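For reference, the structure discussed in these notes is given below.
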Amino acid sequence: MRLIIPLAITFTAGMIMILNFFVPHQPFRFLGENLQEWYLIVASGAIFLGAMNLMHVHFRKIKLKLKNWKYSPVTIIGFLVMLVLGLIYGVTEGRPFNYLFMNMVAPMGATMFSLLAFFVASAAFRAFRASNWRATLLLTSAFLVMLGQVPIGAMIWDKIPLIKVWLMSIPNTAGQRAVMIGAAMGVVSTSLRMIFGVERSWLGGTD
Amino acid sequence: MNWEILGIWLGALVTLCLYSFLYRDNPFYKFAEHLFVGMSAGYWVIYQIENVLIPNWWQSMVPSEGGFNWIWIIPGIFVLFMLARMVPKIAGLSRLSLGMIIGSGAGLNMVSFFQTNAMAQVKGTIFSVASGSVWSIFSSLVLVVGVVSGLIYFFFSKAHTGVVGKAANVGITILMVAFGASFGYTIMARLSLLIGRCQFMLEDWLPTIPRLLGIGG
Amino acid sequence: MADIIEKLGKLDRRIIFVLIALAVIIPISFDLILPNPVGAEPSRDLYDYVDALPEGSNVLVSFDYDPSTMPELQPMAEALVLHLFMKNVNIVGMALWPQGASLGQDAMSSMADSLGKAQYEDWCNLGYKTGGQIMIVRLGSSISAVFPTDMDNVPWSEIPMLRNITALESFSLIISLSAGDPGIIAWVMMAGDRFGVPIGCGCTAVSAPTLYTYLQTNQMVGMLGGLKGAADYETLVGIKGGQAVRGMAPQSVAHLVIILFIIIGNVAYFSQRKKGGAR
Amino acid sequence: MKSLSAYAIFLLLFTAGAALADNADPPESVVTEAAEELHVLRAVDIEASDTPEDAGGSVSLTWGMETVGTLPDSLGIMRSDPSGGEELIATLPVNIVMYNDQSADNGTEYSYWIVSYLGGTVEACSDRAAAVSSAQWIYKGRIGMMIILFLMSAIIFYYIESGKKGKELYIREIAGLEAVDDAVGRATEMGKAVLYIPGIADMDDIQTIASIVILGRVARKTAEYGASLLVPTSRSVVMSVSQEVVKEGYIQAGRPDGFNKENIQYLTDDQFGYAAGVDGIMVREKPAAIFLLGTFYAESLILAETGRSVGAIQIAGTAMPSQIPFFVAACDYTLIGEELFAASAYLSREPKLLGSLKGQDAAKLFFIILIVVGVIAATVGDYWSPLKSVAEFLRKLVTVN
């Protein structure tokens, strides 16, 4: 019983979604459209669980004086400041919530994102070494494409940009397609296992 | 108090703190990281309330033109089931909500992945290879052979020996060339992100220093 | 010597970080401009195609982007419009994205002012219309039915340059400056495949890898990919110190630094292997 | 009868006038000015049809506008039902050329026409068009996909059943998954943690679902070995499910006391906020093994490079084609695309799950045959036309609208 009701809900929801794709007739259309909204709502309502967990973890850290507990108040204060300002002033432009978002949260996101520029460099330096046949291929094609991207490539040999275009449009397309078609098979199989309850370990049931 | 300059300074300080991570973990990074996690978590709570819970749920259930749509009580109940996790005695109820989310997700993903990843890609691969110059015939062949042998590489129930093994080897070769090309092409796009941050620091923030010190007006 | 090379192979990644940072900061601070030779690339293909258009032909430019992708696509729009005007080609602008219409207006009117081109005689902007693919199919039978007026509600009949334009087939080329969906794929599938109008494309660097397939099948005559594509076009048209060419300098220098490091890494790796070192 | 003849005369005059205007070919400017005075633009070529492939209750209208004449202020969509009742169903700006009437009853024949308003009065009126709305049971353009999907599902279920019956199934070695035991074992020996990152997507994403199932298997192993398992998540629902599966893993391994709920924590929904937080955990906890399985976007390399720098064994896997190259470059093992979805079956070794892998292979074989036959047919079809139609048929089969 503990498993049957959740599994029945999973099955029903999954089948509604699949039928909604093929059948425009009622009631599938109504159910399908509503279900898409509903699960968004449930997933976003769950954010309170996450928020509670975050607070719990950091208050516990402070209480037990765990490693780096001195930084936990920073998280707690940051969280509460945003929450309270958002609730009091709303999210419109020019209000404190939006001000803090634009001047602190957004720049921090952009900065973390820009770390990628450094990390692609160090990853390329370390990984692109001709240590075996496959690594050599990876290295060569990356190197040719990189050269094709900058003026110096065409200066070395005027065919390099052409090679770049060929690599991008033929092997790159072929590789991406193979990955995508293969992944789709995996998705179909995984979805079927979930919808029909073949795989139920996520519910805490082995069989 | 000049709010604009204060904003630039706040942005610049957290930027520098986060960049310090490139050297090593340090108190400045720890501070900025904890601040970032806390502030963004707070931001997302407000975001979900303002952009999903109020418009998609509350306003559908209690429309501004009056009335009450009973059917929207259902997602509300599922949200409550989800939050029941906080009370150990009834935590099991959350499985009902999880079942709904996982079921919908699995069903939706199954058809959409099959449509865009399988059907559309197969369609793109069915074409005549015998057109154009020798070079373009060769290219078309590489494309078709690449897709087919790439798929053979993913075979799980056949040992990679004999013909299957050879085909799978061709497949992984094409995949490696593809990954290399894709990596090489993306480096440039990634660099432009850093350029954006550097421009902020050099062109927005740096000029405020002399202004604050009262030099150069 | 071999010792130094070996040490270089195990270089602390923080040294790479410092060099990357310098490679970006120095060109920005000194406003460096690097030469940008353009080889046989999709951007040259597009340039050549536009360059070969006869004087007085009509080109449709669709501005399918918004301010978030302006850094990459606006320089393309400006260079393309300038080139078309220099060739005395008539430009009809439109947009599949709501904010694209005014961005296109900016590009066309600023270039028209500098070259003395007149609105409604040499160029016009039909504005934005919803519908993506379906709308493009309708343009294939009649454009005036979809756009009875231009962006500023001037009726079709009062715009002289539109007299000899009826459907998509009236255009010698359609160029979509595309940041996503709806965009270039809709144009290729509907205007290109269905009505046989040549299609050109400008797109962001992130979406370029997937669009290369359309070049391979000749469904597009050429493509400008990301900032590099924009810089190529500026160079080909002959714009000195354009926005995109300037932006390319830090990218190119940092790119070179990375290429250099890959070479160093491999030299070190091989010299170590020759010595029979472990690993 | 009288009105009919009057109408006929009017029509005759009108056509004659139009023909005259066409033939006379006076200077252009004269025509436009005269026309402007003559009439207000009206809608032409009006077409009404049942909106295809819907649940009914909707009729689609399209039309064009005349181009020479005075522009009206607005357009009115008029509708009449069989009882003769006429109503104005919508008023639209003049530059609109399509409309969906969502208020139609199924099975009723409506007649539609469009009037042009200028200064608040009706100045021109279009021809009429009629349509009946109805509901459809299937999207015609999706039948091909439905057949193929049904076939695939049938094949996969067939092999799941044959797996259940205990048929011996061979599965090739997947290096990244063989390494799981080693990685967990090494972490135990070194007395360090295992870090599991289930991607940044929410629980409705199929890759997250696959990742959570794998997390269950990994949790069982860490419980058996006695290593500690850290799971930071970027979604609340993923956190909840993770707590559930990890707890279950520890119970199954007979070590329920080893489960520590605090180790599975939510950080933030923010993509880069999460990346910053996980980077912090990596450099401070220095885990010996890191799993990056699920949906990843740009943060993939930020996480993988930091993990690399702390010296952990890294096993990554995703079906995002754009992120795989970064994992290949920065991780020790990478599960590419489909291998991620095969992982749970591989790790559990349950016969029915292994059967589903065999079913996937059969499905892939089907597509390979489809591609090969299609390419041969299309190529030979250039020279021998009957085969061309075979290629066309196959392309149509895989087209989804």
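Each chain gets a letter, A, B, C and D, in the order it is written, and its residues are counted from 1.
The working rule: a contact is a pair of C-beta atoms (placed from the backbone, for glycine too) under 8 Å apart; a residue touches a chain by one contact, two chains touch by 3 or more.
Computed from a predicted model, the values in this text were never measured in an experiment.
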Mutual neighbours - chains that touch chain A and chain B alike: C, D
Separation of mean Cα positions, chain D and chain B [Å, integer]: 15
Distance between chain centroids, defined by C-alpha means - chain B, chain C (Å): 25
Interchain centroid distance [CA atoms averaged], chain A/chain C, Å: 28
Multi-chain contact residues (two or more partners), chain A: 21, 39, 43, 46-51, 54, 68, 105, 108-109, 112-113, 115-118, 120, 122, 124, 126, 128, 138-139, 143, 146, 149, 168-170, 172-173, 175-176, 179-183, 185, 187-188, 190-192, 194, 202-203
Multi-chain contact sites of chain B, meaning residues that touch two or more partners: 18, 21-22, 30, 32, 34, 36-41, 43-44, 47-48, 82, 85, 95, 98, 101-102, 104-106, 108-111, 113-114, 118, 122, 124-125, 127, 139, 143-144, 147, 151, 154, 175-176, 179-183, 185-188, 191, 194
Per-residue overlap in chain C, given as positions that touch at least 2 other chains: 13, 17, 20-21, 24, 208-209, 213, 216, 228, 251, 254-255, 258
Arrangement of touching chains [line / ring / star / complete / other]: complete
Touch list for chain A against partner chain D, complex: 21-26, 29-30, 39, 43, 46-51, 53-54, 57, 60, 67-68, 105, 108-109, 112-113, 115-116, 119-120, 122-124, 126-128, 138, 175-176, 179-183, 185-194, 196, 198-199, 201-204, 206
Chain C residues within the chain A interface of the complex: 11, 13, 16-17, 20-21, 24, 34-42, 208-210, 212-213, 215-216, 228, 251-252, 254-259, 261-262, 264-266, 269-270
Sites on chain B touched by chain C in the complex: 22-23, 124, 127, 139, 143, 181-182, 185-189, 191-192, 194-195, 198-199, 202
Touch list for chain D against partner chain C, complex: 32, 41, 45, 62-65, 67-69, 71, 94-95, 97-98, 309
For the chain B and chain A complex, residues of the former touching the latter: 3, 6-8, 10-12, 14-15, 18-19, 21-22, 30-32, 34-50, 52-53, 56-57, 60, 71, 74-75, 78-79, 82-83, 85-86, 92, 95-111, 113-114, 117-118, 121-122, 124-125, 139, 142-147, 149-151, 153-154, 171-188, 190-191, 193-194, 196-197, 200
